[in-house]
Amino acid sequence: MVWMLRLTLPLAGFWLVLSGHYTFLLLSLGALTLVIVTWIAWRTDTVDRAGVALHLSPRLPLYLLWLAKEVFLASVAVSRQVWSLRPALRPAVDLTPVGDMSELSQVIYANSITLTPGTLSLTVDDNGVEVHSLKASDIGELQAGEMHGRVRRLEVR
Amino acid sequence: MSASLVAELVSGVLLAAGGLFVISGGVGLLRFPDFYTRIHAVGITDSAGAGLILLGLLFHTTSWDTAVRLVLILLFMVLTGPTATHALAQAARRDGVHVWREGERRR
Amino acid sequence: MSTFVLMNVSLFAILIATALAITRLRALYEATMLTALFSLVSASLFVLLDAVDVAFTEAAVGVGISTVLFLGVLALTRSREAVTPRHRLWPAGFVVLLAGGTLIYAVQDLPSFGAADTPVQAHPVTETYLEESQHDIGIPNTVTSVLASYRGYDTLGELVVIFTAGVAVLMLLAHAPRPREHLVHRELILADYRIVRVISKILMPFILVFAFYVLFHGDYGPGGGFQAGVIFASGFVLYALVFGLDGARQVLPQSVLLWLIPLGVLLYVGVGVANMLLGGAFLDYNSLNPGDPEVGQHAGILLVETAIGITVAAVMAAVFFSFAGRRLSR
Amino acid sequence: MLYAAMVAVLVTMVLALARAFMGPGLYNRILAINMFGTKTVLFVAVLGFLVGEPEFLDIGLLYALVNFVAVIAVLRLTHYDELLVEGSGDESP
């Protein structure tokens, strides 16, 4: 039941903001859509047992704002490399630990790493995220764990 | 100053900054020495460039429908963009695409 | 030169450059990627020309499905183009030059770009569609009224073409031999890619909802049955790509797909037959609700678009399954 | 500023195209084409505002979703080549 709500509520929101026509006909078609898609999603869950659900933490918007700031700063740094006459690129590959994160948090963490220019997640498993970066200090920053901590705090509810 | 003028100004600044990032990424895609470093360049256009341009458009509109779609596009790009690049990088890594180190010939 | 001309010219230049690059490449995977790019550029051009519905279709079909199908085909054959011996290039070159020359000669007869006095613009039927569709049919998107109501016959024909093509492909490919075990070991199993798996899982329902949104809002904006069907199929293909064909088949069994293919066509024809039983002409939706023709039109268009969506989605998914099923087993 | 953003996007499209032509290899091309796809989203969005018809954003939304499927498809389906060469004798030069 909780599973269904977690899935259906975002989908319902998606339909409502997209639609913009709140007539009886379109709302009932929307309800029909939600029934069909939820049913298909339920079937996929029994097939792949991936057990992924959108845990929308109330802290998520705050995290996204912080991430946006990081992305902006990193973009400025990489852009300066792009435009400098002799780009000082010292690529490095190293592992940054994930600790005992849930799978979804690992994904958020790895994608945040990729989203920030200058760092890129290569592989993800329980040992950690293998990161490729334009300079070694970027990986050091990740290993220091600020982003990791913020992603961790998204889990706490 | 009226609110709409401020919105116009903010939108202009965001669009200009976004355009700058977008071009930077494109130039980086050509200038950087190997596949992995180029991904970082693409990262600038896809995250900062796209984000700023979409935000700029968001300040440019007064219609609710349009604003919703801009936000949705932004959300989907945040979701799919890094996933696609990560998948690419992981597949390239698995295929043994060489990681360029400083001082090597560009490829 | 106005900005729009400039944008048109630059997009056309990109388009031609892409086409030339596609012909030059011998590595067919790369060429297929460039055809996807070709679709992106031409869709942008359609947007620029204000043909929003066409752009929508091009985006959905060209990028979402045909790339995937091409790749599925390449997975069955080999991915490098054979080198044609030089002496055999001459006749081909002659034919190409002849055909190209004829086309360029014919271009002189085309109206100039953006001309207002072309037959398309000047013919009274254009006026009729644009002016009277609001009164006759009462939905904002004239493209949808033309496609589903005024020219319902044509659209039925198109649907039957898709149906026939789908059946033909399935007859050729449906009985797939299982892939040989030793060939599978180097395959990329995306379900092991944690991020791709999680994000695809989250994204898939949204793609499906978006497909339904496109289907049901064709009256108001760009969209309709064809696009919706393709988007639905591509959402499903995403699932099959990540979680394997067997998984996708468990979610939506092949037999169900095979039933859905004719179901759409039958629904379309059924609407027409119902019109006749109610005393109207074939596909004359007014007869669905003689009191208020607009309601009848609305219902008829909705049903017909749904019918298109069902068949297109089922055909696309089934065709992908049968191509991929020859190799992709997991 | 809309025009400036538009020009930036178009120029970057050309740059991405250059990388897609040059390669080298499959991955650089996919990378460039993936980037071209996201630029198309921006192009369509900005164009919608220039023309004054923001309904175009539906197309942008569609691109953002479909481009992802295409990239995943390439990654999933491009690994058969060597199989043919190593695995069976039916590959003639």
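All chains are identified by letter, namely A, B, C and D, in their written order; residue positions are counted from 1 within each chain.
Just so we're on the same page, contacts are C-beta pairs under 8 Å (C-beta built on N, C-alpha and C of every residue); 3 or more make two chains touch, one makes a residue touch a chain.
From a predicted model like this one, the values you see are computed outputs, not experimental measurements.
Innermost chain of the displayed assembly, by C-alpha centre distance to the whole-protein C-alpha centre, is D.
Between the interfaces A-C and A-B, more contacting C-beta pairs are found at A-B. Centre to centre, using the average C-alpha position, chain A and chain C are separated by 31 Å. Chain A and chain B have Cα centroids lying 16 Å from one another. Distance between chain centres (mean CA atoms), chain B to chain D: 14 Å. Our note on geometry: chain B versus chain C, Cα centroid distance of 28 Å, whole angstroms. Annotation for chain C: residues touching 2 or more other chains are 188, 190, 195-196, 199, 202-203, 206, 210.
Multi-chain contact residues, meaning those touching two or more other chains, occur in chain A at positions 14, 18, 110-111, 121, 124. Counting partner chains per residue, chain B shows two or more touched chains at residues 20, 25, 27, 39, 49, 65, 69, 72, 76, 79-81, 83, 85-87, 90-91.
Residues of chain B that touch chain A in their complex: 20-21, 24-25, 27-28, 31-33, 36-37, 39-41, 43-44, 47-49, 51, 64-65, 68-69, 72, 78-79, 81-83, 85-86, 89-90, 93, 99-102. For chain C in complex with chain A, the residues that touch the partner chain are 191, 194-195, 197-199, 201-202, 204-206, 208-210, 212-213, 216-217, 220, 239, 243, 247, 250-252.
On chain D, the positions that touch chain B within their shared complex are 1-2, 4-5, 7-9, 11-12, 14-16, 18-19, 24-25, 27-28, 30-32, 34-35, 38-39, 41-42, 45-46, 49, 54, 57-58, 60-61, 64-65, 67-68, 71-72, 75.
Considering their complex, residues 188, 190, 193, 195-196, 199, 202-203, 206 of chain C touch chain B. Residue ranges on chain B touching chain C, taken from their complex, read 76, 79-80, 83, 86-87, 90-91, 94.
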